[in-house]
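Let me give you the structure first, and then I'll get to my questions.
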Amino acid sequence: MSDESILRDRLATCTRILAMQGLLGLFGHVSVYQPESRRILISPGGGGDKANMQAGDLAVIDPDGNLLDGTGPVPVEWPIHTSLHAARGDALAVAHLHAPYSTLFAIARHEFHPVTLQAAPFSGGLPVYPEAQLITTPDRGQRLVRLMENKRAVLLRAHGIAVIGGDIEEMLYASLVLEDDARKATQAAALGEIVSVTEEECHAFRAEMDLSYLARRAWDYFSQLERRWDRQAASAMGPLA
Amino acid sequence: MSDESILRDRLATCTRILAMQGLLGLFGHVSVYQPESRRILISPGGGGDKANMQAGDLAVIDPDGNLLDGTGPVPVEWPIHTSLHAARGDALAVAHLHAPYSTLFAIARHEFHPVTLQAAPFSGGLPVYPEAQLITTPDRGQRLVRLMENKRAVLLRAHGIAVIGGDIEEMLYASLVLEDDARKATQAAALGEIVSVTEEECHAFRAEMDLSYLARRAWDYFSQLERRWDRQAASAMGPLA
Amino acid sequence: MSDESILRDRLATCTRILAMQGLLGLFGHVSVYQPESRRILISPGGGGDKANMQAGDLAVIDPDGNLLDGTGPVPVEWPIHTSLHAARGDALAVAHLHAPYSTLFAIARHEFHPVTLQAAPFSGGLPVYPEAQLITTPDRGQRLVRLMENKRAVLLRAHGIAVIGGDIEEMLYASLVLEDDARKATQAAALGEIVSVTEEECHAFRAEMDLSYLARRAWDYFSQLERRWDRQAASAMGPLA
Amino acid sequence: MSDESILRDRLATCTRILAMQGLLGLFGHVSVYQPESRRILISPGGGGDKANMQAGDLAVIDPDGNLLDGTGPVPVEWPIHTSLHAARGDALAVAHLHAPYSTLFAIARHEFHPVTLQAAPFSGGLPVYPEAQLITTPDRGQRLVRLMENKRAVLLRAHGIAVIGGDIEEMLYASLVLEDDARKATQAAALGEIVSVTEEECHAFRAEMDLSYLARRAWDYFSQLERRWDRQAASAMGPLA
């Protein structure tokens, strides 16, 4: 397979895993950037069934959001993807999600800080894009990039999140651990004051456990589950995502 | 198909989607009004299996709640539907639901205000019908209409919600985003003060993203999921709805 | 079918519905009393699979807890059932459940009062059996009966609940609405002060909506769901029940 | 079957039950120690599909963490298992889990104490291993052992839990009741002050209900559910575990 074929397969699998995990459904999209060709593979917007997304369903856009290949539709928030891919060498993969628990930190006045070791990639906390608006223009995308500085994720006020990775596997793993950490922080808050993992502790954890290794382990695990997934709706309303 | 046949199909699908999403089961009903014929299609009350509702199972009532067609039973709270259909040109479709999270705002002393962009249709908050009683008479229906003013939904104290739409798709989408927003507000409240989306921000969002477009996108998405739904109970108690 | 055959079928169905709803699994049991013969049908204790309970699996005990028919085992907490059946003419059916949300009111210092109209049968609140112990003796059963006075349910501290009904359908419906009301009260509490339904409002609701009618409607609804239930575990830990 | 064959079957079943219950998936591992041969059976680390774990998939390690049998990989946190097996005669079975609710007590400043009778084995509360780090060395394992004293479980700050049992059945049951108790304590805390079960009450409960009996009853119950489990992912994100 060509490099793009491999990426297509992987991004489609990533889309289905995120759908299985309830992080991507009606809303949200994921992308991967190919620096040589400047082609961006992206899951289409609209009402498509992400749980059945196949490699051939993906769109290809250029750095200005023009559709190069596929039937689209291009997500209206394509500037999240193009801005991050253009600005950062460590953002070859980008997810925009309306993740149920992480988004709570874009609603409540409560700074996000990791409360579990797995969330060490988000050491030092996450910025919040303060305007309650979709990221539908390059200008808004630029503001998002500046606000993120060197962070791996950003909270979008009253809206959702964006998460980056060095590749698709890291973007998937980072999205999953951010959501899990946000869930645990929210639930633990009912019990009393919650204790964050310090930057020093995060640093020490990352020195012992390589993100890339963890990401590949999670990929193996969740792609097994996805292969045998029956793609049933959950018979009860989960959060919209 | 005649216009009524099309509406029958769509209202039955809407009923099944709401059942799939856990918003309509033992309780609740949805209706659509045909202004020319003054016929109201409505999902029957009683213990029927909403997850398997078909077009032919729907009842037809007149504006006074009399059964014109179908075997019923007519829901005892038919005045919710007849009052709203009669009073408002923007209420061609009406849902009455015991939605798990929205109903919490009819229990706690906490005003509902949107906390996500998707809930922009509920800008400015929602009124609460203050009496803990079913809406079983035209008088109660009239009080509900007056209390709602120009809002798209109303909270019924200790009971549930009513939501309107310009058509079935908008009523479905409005019900789903209201419930999702109520869930996020409730969960975020555990973290600290929650920040609403202002009326200006809601207005700006609505100017950028048409409700009708979003409603049709959600319809496409959820009707795909419903077609492959296995109609299984969830093997664990969800909230009664 | 004989009267006992009909009750057997119905109590087995009730057991399976409660298992489907996540209210009865590893723990809990239900019973029905036949005043003429003084025979008590009861679901067995132990590790049996309540989701597959059949009429022939039920035990029959006498008012002193002796096994008359079936292979048992008799639940160690049989005195909950025998005490209530003996003392109250309105307790022909009894459930003992470790229901996930109702039990929270037997843990937190927070009096239970209904917050939705459906919970009107529990008007005026519920007593708490204060000792953290199983109800394994007739003496403990008698204390439970005295504590309950004329209430339809009792909270057992650090343990679970007991709920009565005039027949199996009412006991099932009362258990479901108590659990749903407890869930809504718990979740609403995160938003702020919660508002109970007053005794007057409960009285007015009961005058408009007969418990027996609601119980039969719920029976029809949930027995349909149970018939098509695939009896799958939920692939995620629900509360133990 | 040889003794090791029996233990292999049982540990694989225990792994699948914990996977079914959402307590073991991407993370976590369980082990059982054979004192005569000093061989430790352990579920492998890495991205394997625990929901399908078979007896032949288990690894065997020695008390220093060396792989004796099987293809591994040996979990990086093997010192949790070897340290506890070596130090305590009542720790023939050990689980390390990232259990969703118990772990909240390793995040919030809130001491764990049992709030239900079932959690009586955890009478007097649980210690918290204070360092936010994986237990990847024998030194860390020793500190864990000293900190636990004679307790049946320990909370690992920002990480997860370790639970011991006299055999696999007790370790499974202890893990399930700890998680359920932690869930109820967390949810009840939203209602107000929560009331623990005192050490005296726990003692009295244990005198009436033998842990070994309860563990075997739970084993029968959950192994029935596991045999008919369809191993489907839950179509919605549960907590990572």
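By letter and in written order, the chains are A, B, C and D; residue numbering begins at 1 in each of them.
We take it that a residue touches a chain if its C-beta (ideal position, glycine included) is under 8 Å from a C-beta of that chain, and two chains touch if they have at least 3 such contacts.
Note that the structure is a prediction, hence the values are computed from the model and not measured.
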item: Subunit D against subunit A, contact positions shared by both copies (same if over half, else different); value: different
item: Per Cα centroids, the chain farthest from subunit C; value: A
item: Equivalent-chain rotation between subunit D and subunit C, CA atoms, steps of 5 degrees; value: 90
item: Between subunit A and subunit B, centroid-to-centroid distance (C-alpha), Å; value: 31
item: Numbers and ranges of subunit D residues touching at least 2 other chains; value: 100, 185, 187, 189-190, 230-234
item: Arrangement of touching chains [line / ring / star / complete / other]; value: ring
item: Parts of subunit B lying in touch with subunit A, wherever the complex brings them together; value: 20-23, 100, 114-118, 176-177, 179-180, 183-185, 187-195, 197-198, 201, 204-205, 208-209, 216-222, 224-226, 228-234, 238
item: Touch list for subunit B against partner subunit C, complex; value: 25-26, 46-49, 51, 76, 100-101, 103-105, 107-110, 132-134, 136, 157-159, 185-187, 189-190, 230-237, 239-240
